[in-house]
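Structures incoming, each one as structure tokens.
First subunit A sits with subunit B, and in the next complex the same chain sits with subunit C.
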Partner chain A sequence: MSTRFWTGSRRDAAAGYLFIAPQLIGSVLFVFVPLGLVFWYSLHEWNVLADTFTFTGAENYQALLDDPKLADALVATGFFSAGLVVLNLSLALLLAVLLNQRLRGTVFFRTVFFSPVVVSLVAWTIVWGFLLQDNGGVNGLLDLFGVDGPNWLRGETTAMIAVIVVQVVKNVGLNMVLFLAALQGVPGNLYEAATVDGASRTRQFRSITVPMISPTILLTSIITVVGSLQVFAQIAVLTQGGPGTSTTVLVYYLYQQAFQFHHFGYGATLSVLLFAIVLLLTLVQWRMRRKWVFHES
Partner chain B sequence: MKIRGLIATAAAGALALGLAACGAEEEPSTGPVSLRMTVWSSNEAHLKLFNEIADAYKAKNPRVTEVKFDPIPFENYTTTLTTQIAGGNGPDLAWVLENSAPDFVSSGALVPLDDTLAKADGYNAADLNPAATKLWQTDGRLYAYPFSTSPFGMFVNNDMLKAAGQQTPAELIAAGQWTWDKAVAAAAASAAKSGKAGLVVRDFDYKGWDNLSTVWTGWGAQAWSADGKTCGFDQQPMVDAMTFLHKAIFTDKALPGPGTTADFFAGDSAMTITQISRASLLKDAKFGWDLVPLPTGPKGEYSVIGQAGLGVLKKGKNADVAADFLAFFTSPENSAKLAAYFPPPRTSQLTAETLAKTNPLLKPEQLQQVVIDGISTGVVKPSHSGQAEISQAVRAALDPLWKADADVKAVLGGVCQAINPLLAK
Partner chain C sequence: MSRRAKTAIYGVLCLLALPFLFPTWWMVTSSVKPINDIFAFPPSLLPSEFSFDAYRKAFELQPFAQQYFNSMYIAVLVTVGTLAVSAMAGYAFARIRFPGANVLFVVILTGLLIPSEVTIVPLFKMFDAWGMVDTHWPLILVPILGAPSVLATFIMRQFFLALPGELEEAARVDGLGRFAIFRLIALPLARPALGAVAIFTFLHSWNLYLEPIVFLSSSEMFTLPQALTQFVDAYGGPMWDIQLSAASMTALPVLVVFVIAQRQFIEGLAHTGLKG
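Up next, the complex of A and B:
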């Protein structure tokens, strides 16, 4: 005896799969397949010009451990990420708190600080490249105040600072808006009660504002940390990893190895490393949420 | 159950991709052929000429339905080209820059051209200048045709030099005094007077260090030995040349310092070292200019050439047709047309007379002095297999030199330390 194939539950299941299909196919084609391929490539020596693709097992991973330049790249990445996250989050929170006041002109300033977010990244960076030249706009401005500015992109420390600041100014608006939304979600009666109890503004900020917006702090910190590990265009346009190797962060190093030096296998190995680092940091932050995010139980 | 379903879907997707890739490899051996050639010029006049030559070829070979010239920006030309090749989307023919010549020539990526050129009617391959083909050969086989062999010369803004009370290079040459010392002194004087830049080594910008070979060759220095095994940066000629250059930048202020850009062709500097093909930028120049050979260094007169080759990629579906097109594109007749923009490797066409017809902006003596003499005696810009990695290592190791208080000798020693393991590969 044959039963009908399209039973109600099968119909529902099919509809369900159809609904998730666009997202699923996209993820499989553009995330999971490339991810798998990167792992696969990382086990090979791939010479594009000679058209050879040889299985080398863990050799690339051994090379990773023996690579003297990798340590420099990781240190540069660490400096960049730490500088970016600290500066970006504190500035974003400061701006959000300031612009959360009921004062004239806040809408204007919100727009001003948010507008760089929607500017093309490369255009933004190229313009900053001109401004940061030795005889560029930044030093011209400093000159007005009698300060003899450094040759920003040619000094190892100043180049790193410049790259961080250019990136912070570009993206601080996004975190600012997220913080603003969170701040506006904090019920006003909490502050009223605290004021009645005689709590100072600082105390209110520490004991009410920060705990109430902690989910947003977690979100922005994950986005910013992960984003900072992926910085590429700014480095490629502003410093090309120099001076020396001071701004050669992991992604830029990966790009050099794969696309400039044609070591595609080793480049893939570096991306596996990057993947592992991002995964690890995200997991750590996600685990820590229990400790310091107020809402989560 | 559901997870298994998902995995099955993913596997099916991956398989479909794999099958599609397999299908693409089946190549038609006859039937219409479409060729693609990557170039780094998007100059309309260049492309117009290329298309005219391609049209003539298509008229003779009806099987070839399309020859597409695909410009890729110069800054990341080699990177883009190799990425296309890696993605299985390589062109049939490609321009190759001199600094990646060893990689392309030795890798087996290109088709040897000797047989095709020997067979081509009236080609006369013996006419190709050995100095021009040297870089593109290995084991006696030619892997790319040196379609452009372009010497570096010094363009000067005579108005700026005169305003600073300096003799023009032409006057100095006539007096037998066109030396690096005089050139730097004139550049420094002009910079001080005009507030603009003195001398700019174009495309150097404290990154493209191989362009400095246009200076250090005058001291007899070289980046590495001819066999590519010994680093030359820590040797005396290089130390002398770089000490001179460092002083010219930081003490004499004859060259703009790091992080300052100046474009000669926009009137921002008194002199610039670049290839003669840039002369076209001076068509509407509002100032009096001249093109002169590079000044003499302590080792006397010298010249430096940049080269570009044209090769056929072995991986292309129609490599044989592509090679045939290359022979047509570079035949004596078409080579003469290309000479309008690209100094040809054919000895018979390297005369001031031929070049003058197609380079109206340059005077016959400029062509003779800079181009013809330059090509026969010129040293090609540094190149080595694995050039990109070496180049990056040199750039990073040279960075400490571009400070006023740099210890030139120590920095150059550091360059050798950085690249010795790479040269040995």
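Up next, the complex of A and C:
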């Protein structure tokens, strides 16, 4: 029996490889090969009309440095991501804390705040585009209070604010639900002990709640930062990157260069840059977890 | 809690609820207003009379029924495919010992750091080379096998790790093979995790926008998000009445399912694996 090849554990290992095969082959084919190709393309000039593909070394990267529009795109991306992450996480936490007070009607409000998550993204964006017109619903509402609203999508600052708010309202429910689950996992006796010791509500929030839910804060902030760098449909539908280039974030600029101007080599170089930014921000946050995430297992 | 504190909390909640409820309300009510009422200023909250012209026109201007079907069948296929791929891989990584399992898991997991926006240029070139541009293959294959399914695999693995293994052990002693154990024992127990994965996979596919506009060019191939933005006049300005009716038709069915099953939706997402 000892010479039998298909022992139980060998048979099991074979099953393991078979089970992961679709995911592994898929990852190679649709993630790692394209990632390699992105780097390869970024070293080339790809002329679609003449159908030439010439090695140009670091030329595309030099072009990155000399591209004034790229600087604009990075500034727009920075504003968008920072605004989105701060507003999304603080609103999500506020909503979760309010819904965690065990009041009647919590389920109703939870459903309301979550509902935009299931509304089709482009449908949601179109409605907001309609609402944010100069004579649209938002200004109509402001008019009731005697406020003369701006033409939101035509001003550089207001357009940026608008795309951030539209995106936050769309997705904040997801983080809210994750925070709510984390808050419900904080043991109640911690608060009782703190109350006995005379700690105020704000002090309790700072010294008990925040440390106890810090693993969830880390997870949601990583998801939200990476998500903020991927924003595309909202920009394409609401502002087309404008007015000027004020809302042309990196992914939208990448799309323009590659698929509107057919600069595939330069588009690939922008993809490399996007990848580097995602990687860097994720690593920084992952590093920071040692400093402020409580009870890391 | 004091009465005043309660009133204050309800006040804040109601105020905050406005931007979450108003757009959907506005979308649906405006879509059934006669065209002149849509642009009335100040706007009216309720339609003065009902008009379904915009709904009729949506089907006349584009093959909207076909586009609806495209989105639907792609999302269903992607959901079923992702469930199969991620449940199998997640189960193997959680339960089966095989050489290299940890390394392979980390390798696959790095896919989470490579959003599909990064690889869209080479993916376009690859599908172009395979003659699959302007077909639905890229919208089906990439989500099932590529980066989007990695999160699903991670969630399934976390779920199977937390699941007690005694039942499976008993089945092994009784001589059941791996595949039978997976199908007859593990999979039925994984229903909550499968539900959560199904929900976010379906929504992800239903919402996809960059990929359709990159890969698809003929209107009978379009998916809904792409079709919505195509209702424009000769100057490229949006035909608001039609866009709003088409948007309502896109959003409402999913919203109705959500309201009916909101508990499963929300608690499923919150409690399965996403907590890390």
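As a working rule, the second predicted complex is superposed on the first by the 285 of 297 C-alpha atoms of A that agree within 3 Å, B and C clash if a C-alpha of one lies under 4 Å from a C-alpha of the other, contacts with A are read in each partner's own complex, and residues count from 1 in each chain.
Basically, a residue touches a chain if its C-beta (ideal position, glycine included) is under 8 Å from a C-beta of that chain, and two chains touch if they have at least 3 such contacts.
Bear in mind the structure is a predicted one, so any value in this text is a computation, not a measurement.
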Quiz prompt | First, second, both or neither for A:G83, with subunit B first and subunit C second | solution = neither
Quiz item: A:T216 contacts which: subunit B (first), subunit C (second), both, neither?
Solution: second
Exercise. Check whether A:N135 is in contact with subunit B, with subunit C, with both or with neither, and answer first, second, both or neither.
Key: both
Quiz item: Any idea whether subunit B or subunit C touches more of subunit A?
Solution: C
Quiz item: Is A:Q256 in contact with subunit B, with subunit C, with both, or with neither (first, second, both, neither)?
Solution: first
Exercise. Considering only the touch criterion stated at the top, classify A:V177 as touching first (subunit B), second (subunit C), both, or neither.
Key: second
Quiz item: So, A:I25: does it touch subunit B (first), subunit C (second), both, or neither?
Solution: both
Exercise. Mind sorting out which residues of subunit A both subunit B and subunit C touch, each in its own complex?
Key: 24-25, 29, 33, 135-136, 259, 264
Exercise. Name, in rising order, each residue of subunit A that touches subunit C in their complex.
Key: 9, 11-17, 19-20, 22-27, 29-31, 33-35, 37-38, 41, 91, 95, 98, 101, 103, 105, 107, 109-124, 126-131, 135-137, 140-141, 143-144, 165, 169, 173-174, 177-178, 180-182, 215-216, 219, 226, 229-230, 232-233, 236-237, 251, 254-255, 258-259, 264, 267-268, 271, 274-275, 278-279, 282
Quiz item: Within the complex, which stretch of subunit B touches subunit A?
Solution: 6, 9-10, 13-14, 17, 79, 82-83, 85-86, 103-104, 107-109, 206-207, 257-261, 314-315, 386, 388-389, 392, 395-397, 399-400, 402-403
Quiz item: In the complex formed with subunit B, which residues of subunit A make contact?
Solution: 24-25, 28-29, 32-33, 36, 46-51, 132-136, 151-154, 240-245, 256, 259-262, 264
Quiz prompt | Residues of subunit C that touch subunit A when the two form their complex | solution = 1, 6, 9-10, 12-13, 16-17, 19-24, 26-27, 30, 39, 41-43, 84-86, 88-89, 91-93, 96-99, 101, 104, 107-108, 111, 113-115, 117-126, 141-142, 144-147, 149-150, 153, 177-179, 182, 203, 206-207, 209-210, 213-214, 224-226, 228-229, 238, 240, 243-244, 247-248, 250-251, 254-255, 258-259, 262-263, 265-266, 269-271, 274-276
